[in-house]
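Should a chain be cited, it is by its letter among A, B, C and D, assigned in written order, with residues numbered from 1 in that chain.
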Amino acid sequence: MGKKIRMGMVGGGEGAFIGAIHRMAASLDGEIELVAGCFSSNPERGRSSGEKLGLNPERVYQSYEQMFLEESQRPVDERIEFVSVVTPNDLHLPVSFAALRAGFHVLSDKPAACTLEETLALKNEVVRSGYLYGLTHTYAAYPLATQARAILARGELGKVRRVTVAYPQGWLALAGDSSGSKQASWRTDPTRSGESGCFADIGTHAHHLVEFFTGQRISEVCADLQSVVDQRALDDDGAALFKLDQGARGTLTASQACGGEGNNLNISVYCEHGSLFWEQESPNQLQLKRRGEPVALLKAGADCGYLDDEVRALCRTPQGHPEGYIEAFANIYRDFAAQVRCRRQEQPIKESSVVGDIDAGVRAMAFVRGALESSRASSSWVALSPYWE
Amino acid sequence: MGKKIRMGMVGGGEGAFIGAIHRMAASLDGEIELVAGCFSSNPERGRSSGEKLGLNPERVYQSYEQMFLEESQRPVDERIEFVSVVTPNDLHLPVSFAALRAGFHVLSDKPAACTLEETLALKNEVVRSGYLYGLTHTYAAYPLATQARAILARGELGKVRRVTVAYPQGWLALAGDSSGSKQASWRTDPTRSGESGCFADIGTHAHHLVEFFTGQRISEVCADLQSVVDQRALDDDGAALFKLDQGARGTLTASQACGGEGNNLNISVYCEHGSLFWEQESPNQLQLKRRGEPVALLKAGADCGYLDDEVRALCRTPQGHPEGYIEAFANIYRDFAAQVRCRRQEQPIKESSVVGDIDAGVRAMAFVRGALESSRASSSWVALSPYWE
Amino acid sequence: MGKKIRMGMVGGGEGAFIGAIHRMAASLDGEIELVAGCFSSNPERGRSSGEKLGLNPERVYQSYEQMFLEESQRPVDERIEFVSVVTPNDLHLPVSFAALRAGFHVLSDKPAACTLEETLALKNEVVRSGYLYGLTHTYAAYPLATQARAILARGELGKVRRVTVAYPQGWLALAGDSSGSKQASWRTDPTRSGESGCFADIGTHAHHLVEFFTGQRISEVCADLQSVVDQRALDDDGAALFKLDQGARGTLTASQACGGEGNNLNISVYCEHGSLFWEQESPNQLQLKRRGEPVALLKAGADCGYLDDEVRALCRTPQGHPEGYIEAFANIYRDFAAQVRCRRQEQPIKESSVVGDIDAGVRAMAFVRGALESSRASSSWVALSPYWE
Amino acid sequence: MGKKIRMGMVGGGEGAFIGAIHRMAASLDGEIELVAGCFSSNPERGRSSGEKLGLNPERVYQSYEQMFLEESQRPVDERIEFVSVVTPNDLHLPVSFAALRAGFHVLSDKPAACTLEETLALKNEVVRSGYLYGLTHTYAAYPLATQARAILARGELGKVRRVTVAYPQGWLALAGDSSGSKQASWRTDPTRSGESGCFADIGTHAHHLVEFFTGQRISEVCADLQSVVDQRALDDDGAALFKLDQGARGTLTASQACGGEGNNLNISVYCEHGSLFWEQESPNQLQLKRRGEPVALLKAGADCGYLDDEVRALCRTPQGHPEGYIEAFANIYRDFAAQVRCRRQEQPIKESSVVGDIDAGVRAMAFVRGALESSRASSSWVALSPYWE
């Protein structure tokens, strides 16, 4: 395999939930090495984070600009090869932009940027620079999400007719929750989070999952968004009817105001001859109801012969040894690292089903924009393709 | 208890699914006696059905008009006291009307009538006649549906914010299914079923369940209905956004074109401090997620001390002895029979939570009308209260 | 179909749980009519029970002896045709005996009698008299229990290797529970319940289910029984290793001292090529794990084409309309009534898979005796066939 | 935190399942660094494995003896600090022994050794050497297993009465399976695996889980073991009754011949006032049935306030972000690394609930020995404490 892929990280200092997850995911398969980072806008916290991670203090930077500058001056076989962007949303764009400009590949937490316009601008830079850009739409990286996609792509169940996706969370259900944690405070702040709260934060996950499962695009949306919790500036709850570009219809619900809920992302895809069901909280099981047959429960497992080869390659353990959220994240890192390695070795890039691309990021932000506009216009139908075409 | 309540039935001859269910439900608790019937428009089948049921052949009638006429000439303590209406939808109205006019109480399968206008006309007759009228919205008669209603009514979970209800079925998923059975053929025929197919048939169940759980009314609807199966004249699939009259929002999905689905009616009610989940296919369990607490699974059972008294009264067995669809139906029959007994004994009518009333029937048809109009008007929001006020 | 089958009942007066269940089960399909009864040893309660049931007061008797005497003097087409025995265990034998002697068929709640010897004596009387005798081992009358039996009988899964059956209940978990109800008090009283408590009461259900599923007999037992609750005279908890007569092994657990448990009877059958799982509390689902295939969930339903015909005949509703405990009981009553009708019409008896026979009763009591002896002898292996041969 | 803990590994070369898991677990939290290894008895495979892992070729050894020798000659702050032993069972003892003798801490896959006698000998060496010794009984390292232990330890549910544990697997169900993989072949070979097959391999997991949950010791066993698959030399299936040292009873089933099963380890603990249920295949949920209350489902999650602090410390993600088998393994590695760090810093060792100790290893092998002896002696009760006292 050769030397590990060298990663730099922006964001993810002490107290940040998602940064730690990214690091665990990156380290899981032993193919990536964290060698540099700019972990916090607070210099002391950034330094301390780097120390705890055992990094060379010289490579723990106080600004991302400085990091990109200094790293690009290091020898080619020593400098970072890609940047993992795990900051709050408002920094995704500038950090990604700067990294690409400085000549680094980028793997970014979603959303790609705070607004549709920014995301389109980022897309231009990705195309212009020629560097690799990946988005961590984690829920599509579970093995059985990929199996669902494969079943639907083969047309085994006939035409897709209806999709129901819902993503209820409860952690922002009360007014006081907004100030309860670092994660909560920036997500409910328009200056950090962008024009949408809940729909940008988790509605985009639901949107991506629909497109990932069906291989189709959401082309129109008819939405009803609201802020149910007092004095909240951004949407924290909403639902939408939608149309897929090959004719199916669906509903999408996303809410962070559902008291008592955890992280209950779930999707149902109904087709002519059968239907599929998957719940993120029970990710190692995919329910398949074929007409006239017993319900089939497909299980994740590297040894499950009935799964597609590409799906089994996403499993690290045999059936009955549960994998989870971190492993799903690690699937993205592993595939992205493999792509970076291709670049290092000047070989053609290996396709990955689980690394989100900038186009997925654009469509996600187009969906958010469309949903906001529809909601403002009394839930009129809004076509999405004009946003990205 | 005294003598059993005497029931006459219209519809439900051999080969009819729901008629047999009504009879089992009526007989389960030993308080109702089937003494007369007009089981089929086909005289031979009607006669044969009556014989199989062990009825006195004199009381097996060839038309419902004849039945009401002859029964009303029998002695008061011998004639039927109420009529169970289990015909296809297009006869619900004329049979119910005639029964009320002839002086009989009516317990009708839903919908009350084929259209909103007919249902309003029926309501007038119910009010005018003063006889009892009940609708079998069966799914609201499960014990734990009633428990959910009680929890929400007490405000234990704070304000209702969002309701998600879905009713996917698959038995009409293919074009050939429409001619596959007696049940299918009239449901897909506008002359028998009314102006709507799926939304009238099962969307009304979902609508009723939302109103039953929350104690609120669906006041506005924004819908998208379609016929996905070729050459079908009525909607067989659709979804809607809706608003409840106390401010919550929701989505309702109803489809009979979901290949592989059974009868998967399910509802989620999300509130400030907790959320509730119930699935008709696992009716003896109600999931309650309170903020900060383990998920609670409430179980049905006459001995479950944590259930409300009125809920335990709807259980015939202790916890762990599953009850089902027929028992839910029987809960309606038992309560309706108790009301008929009150009338027989000239006592005040005992309230029942599980017997649907004509107003529920009106609101259900208003919902169907509103959904159709919204769908025709590019999913505009349509207010429902004008229909029933 | 002709006239209903006429049933007399012994036991099951007001406050008795199981008697009411038997009556609902008997009435469900409209083929049986309760015409006489001796409901209680307390004359006033018996009389009142009969009145509430709407019986002719002349046919509500103060003793079962009197009932059998007077009924047998009524005209043949009016007198009861079979007796439903729903008394506490100690009366099963004398009532059944007297009924057979008086010329009535008997359908008895289990166990057939309090001891092995009594059960063998009863078997002699059954054989001698030639009347029909049935036992209500209800859990084997669920449709999917029958489907499991059919799958195993066909050898689809290869040889049975291991069976795990458990029946944990919690309603007698504390000392005070023994006096908490009518049901509890006689079950913990050796003079009413026989030589065993828990193993006779529910261990026999587990035993029957093992033999029913596998079509094999439990031939040896190695048991460890105990009374865990202070001052209880009979076993209230125990477990056993067992051998089946075709070589498989298993474990059986039965306890009424498991705090918090409901009625959690469950069974797993492990074979060469696949395994089966069924839980009484979720009776409409049978889990089938075939080697190398997704897990299959078979659902109950009259319209489930993948079920055997005999199984679908035990379903009253299509898939997704749950049936339960009462319907399982009703399956026994319906089949037993069909057998009584055969006798009435002097036709050959139709076999039934769900009506337990006296041999099953003998084997169940042999199992209890063997388990008690094994437990007393430091869990030595005890062969069961000597008891019944 | 300071520098990472340096690990050497013995076993786990290419094609070995469990070695890769250990490495992922060790790397997950960024506190351990793999710096040396002897990955295979095949020199070429060992070398290639080391290369793929990016190790310094000088520290990829051809024998473990050589590794311990050379590593101990390296500078103190460079040499390995502990050895991860992931070989087939027959090498656990010699490798662990040699590592301790050479002055390294040991974290060993279970079982500690092939036989009871060897395990006792190893215990002597552990005590004598004073080095840390840990066993990876992974299933006890899931957060909710620890929560179950805490609930039972506090006595919230009253006395434990009965424990049911089962570990059915299917991967060795057919004769051909024994030669199907590296994992299978040594497990069915007495010269590699020891005196027992299935009971040593997975029965010990079940045994450990019982003791872990209850905080009690299995003191007596009455077992029935067999080889159900033709020509297999060791047990591949069995069950046992057992007694806990504070009076409870239980059953333990372990089988690798259950066709279609995955890795279905599950445990039920029944107490006076409530019962607990946990399944390894759904590890993020613990079912708690308290008498008279709804069933409670406890969920894993760092943010679940109702979990004990020590349990939340074992969670890396908030509720609804599933963790799995690798994370459970990583919990052991993290705790063991923390202990090694204590030693490095000459501080008192921090207790860990999830790192198995050598005494647990001794008791597990005593259980296997007792079960074998019981089975040979017609399932007589065998006391276990004489084996370890």
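The working rule: a residue touches a chain if its C-beta (ideal position, glycine included) is under 8 Å from a C-beta of that chain, and two chains touch if they have at least 3 such contacts.
Small disclaimer: the values here were computed from a predicted structure and weren't measured.
Path length between chain A and chain C in the touching-chain graph (shortest route): 1. For the pairs A-D and C-D, the count of C-beta pairs in contact is higher at C-D. Between the CA-based centres of chain B and chain D the separation comes to 55 Å, rounded to the whole angstrom. Averaging C-alpha coordinates per chain places the centre of chain A 35 Å away from that of chain D.
Mean C-alpha position of chain C lies 43 Å from that of chain D. Residue positions 261, 288, 293, 299 of chain D each touch two or more of the other chains.
Interface residues of chain D facing chain A in the complex, by the touch rule stated above, are 1-4, 17, 20-21, 23-24, 27-30, 34, 51-54, 169, 171, 261-264, 280-284, 299, 301, 303, 316-327. Chain B meets chain D in the complex at residues 288, 292-299, 305-306. Those residues of chain B whose C-beta lies close enough to touch chain A in the complex are 157-158, 161-162, 164, 166, 168, 170, 173-174, 222, 224, 226, 228, 237-241, 249-251, 253, 255, 257-262, 268, 270-275, 288-291, 293, 378-381.
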